[in-house]
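Some structures are shown below for you to check.
One chain, subunit A, links the two complexes that follow: it is found with subunit B in the first and with subunit C in the second.
Entry: the complex of A and B
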């Protein structure tokens, strides 16, 4: 028996709640069971078998919340075979255990270290330059792409099961992540330059120099593993002190 | 009413940040303008969003690690800054922004502690789900997952308006008492912008990142200087 498309869409919607009850013991276990439950209800008319299936999906699970969609889809693929008696009940669990680590690494590397910060920097620079329309545009593009990719991974997992790894490899996400990280660093440089120009025009040329100095100091300090928030407090204090000293110096002349 | 808006927006952002969707709506670049819009000062939110985004660009929840809660910090900073700016009659100025970050920025660090406590609390939800499943109540067991959204909502909906109230109280008092601070604090805001851009570049952990950051900053300065010079 196959899970009908309407149920698959429902499972995908529930995938968006994967981390609702993230916990230190089972991590995303409850979210995973919650997501796959509509499919299990379709596959196992016998309440005892449904309960047994849910119990195996309450085992510890942790993955990137976007790429986990592929594993949810693949788990349904395997559950269909378990329900048809073509695979042992442990097959979906084995599938999850094998894939959760690699897909978490791919998701963290591409989405959390590449795509999302890139769009964060893009939205920041766009907002500084063009205001809220640029912000809205950046969010729309990010979400259109990320939701499309989540759905594509879910569908690929469901259709191809273990073969989803091959499909995922074809996307070359690590290579794209590297490009996005480079692009993001460029955007941050643009933000630093634009901020310095703005300060120079708004306050004084020396304020622009101060902004660049703060950027250089930040690169060095954070490179030496200084903590971010104390560094921010120190930079605000020093910057304000320099501003006060400049005011006193000008007043004295 | 204003604090109710801050509470609701901060609570929803806490839910969106981890428990549901994760569509960047709780990132500072989006959340600060949303808070500003909800309180009737979109430009104030737009002033705060970009530097806070770059500052916390590396605040990412990877695996079981917990970053500072940038959404909680942003909601408190933006809410407090907008209300302080309104009390002063100036809107969110760089001076107001610096003081708001100084007063409420620590909330992001406190948020990490509350996030840890919520994760411990959720262990009970998972255990209860297993118990309900054994009792033959699978639908009730699965609903426990959604109850996990309540704690982050409640914590942020309590802490963000409380911190915003503190900012709205302290910042106007400081700037009314010491009006000469306005100009120097503007320099502090410029410096924070520089640091935020650097923190953003560091967050990408790109091998060529620092070179690209420096190069693009230099090109932007040169282009800006040339365009400014030809005007």
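Entry: the complex of A and C
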């Protein structure tokens, strides 16, 4: 017996509330059981069997809330086989326990330290350049993309069970995470530079030129393998000193 | 050298790969766990999350060459499932001479375990085990991620007794 598509969509919707009842003893266990319950109702007509199935999904579970969608999908894949008598009742739990850690790492690395900071930086740069609509646009694109990816992971988990690992490996998310981190860092630099330049420009055109000069000196120093923080402080100090000195020469304002 | 030995019921996850691996500058993660080593799914999944430039292996605890890891030029992070496994590892050769710090990251709630930190629940036997490991020479600490304040054995015992 297969879980019908409408029930799968319902389970996916409930996956969005995975952390709503987060607790220290079972972590996301209640959220997981709540999410998978519609599928279990379809698979186990007998209330005793359904209760037993629901109970095994109350075991401690913790994963990244986005990548966990693949595990919920995969758990349904295994539950279908348990209901059909093709797998022992422990199979869905074993699947969850093995994948929760690695998929949490994938999710933390890709979403929390790659994609989300990248979109945050993009929103910052966009808002500086174009105003608040850029912020709204960045939020919309980020959420559309992550929801699409969550649905894709959920479907891949449901269709391929254990093979979802192979499908995930093909996405090479850690490599994308590292590209996004680099891209995000560049965007943060651009945002900081644009902020500094517009502040300097408000003082006088010469202050703007000075800020650009300080930035170029800093980049050259980094190119010569100077260390980041000392270089940044040194450049800021020298730039401020030059700014203050030239004001003194012009007799101040 | 072995930079850190960590007890974590979820083995390799975000706290390990996003938190500890960059913090320690580890190039290699060794999961010493019989159950994970038996599961092809676990072995495939562990490699899924690895950042570029970091390698991982999943081996049965007794198959790990602790001496070679101790001599390795790149920093190694060792992951063990629970306190009992850490004691097994000690007798197999994961000695305080090879790794100074024994870090406890995640031990989930189970019947008979008391809460010591938000992510660590310990039974009386496990506190006893940590005491033996500290007596053997390890610096025992509970610390989920590098930026957390480490909790030492005395504080673990105080909290465990207070939770009873």
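Everything below uses one rule, namely that the second predicted complex is superposed on the first by the 202 of 253 C-alpha atoms of A that agree within 3 Å, B and C clash if a C-alpha of one lies under 4 Å from a C-alpha of the other, contacts with A are read in each partner's own complex, and residues count from 1 in each chain.
Convention: contacts are C-beta pairs under 8 Å (C-beta built on N, C-alpha and C of every residue); 3 or more make two chains touch, one makes a residue touch a chain.
Everything quoted here is computed from the prediction, not taken from an experiment.
When the two complexes are overlaid on their common chain A, residue A:19 makes contact with subunit B while staying clear of subunit C. In the superposed pair of complexes, A:134 makes contact with neither subunit B nor subunit C. Touch criterion met: A:106 reaches subunit C, while subunit B stays clear of it. Once the two complexes are overlaid on the shared chain, A:121 sits against subunit B while remaining clear of subunit C.
Judged by the touch definition given at the top, the superposed model places A:93 against neither subunit B nor subunit C. When the two structures are aligned on the shared chain, A:213 is found in touch with subunit B, with no touch to subunit C.
When the shared chain is aligned, no partner comes close enough to touch A:226: not subunit B, not subunit C. Of the two partner chains placed by superposition, only subunit B is touched by A:47; subunit C is not.
With the contact threshold set out at the top, residues 24-27, 62, 104, 108, 112-113, 178 of subunit A are in contact with subunit B in one structure and with subunit C in the other. The touching residues of subunit C, counted against subunit A in their complex, run 8, 10-18, 36, 39, 41-42, 44-52, 108-109, 115, 118-119, 121.
Residues of subunit A that touch subunit B in their complex: 16-17, 19-27, 29-31, 33-34, 37, 47, 50-51, 54-55, 58, 62, 65-66, 104, 108, 112-113, 116-117, 119-121, 123-125, 127-128, 131-132, 135, 139, 142-143, 146-147, 178, 181-182, 184-199, 201-203, 207-208, 210-219, 222-223, 228-229, 231-233, 235-244, 246-247.
On subunit B, the positions that touch subunit A within their shared complex are 18-25, 27, 29-30, 33, 42, 46, 49-51, 53-58, 60-64, 68, 98, 101-102, 105-106, 108-109, 119-120, 122-123, 125-127, 129-130, 133, 136, 138, 141-142, 144-149, 180-181, 183-206, 208-210, 212-221, 224-225, 228. Chain contact summary for the complex, subunit A toward subunit C: residues 24-27, 60, 62, 64, 94-95, 98-109, 112-113, 162, 165-166, 168-169, 174-175, 177-178.
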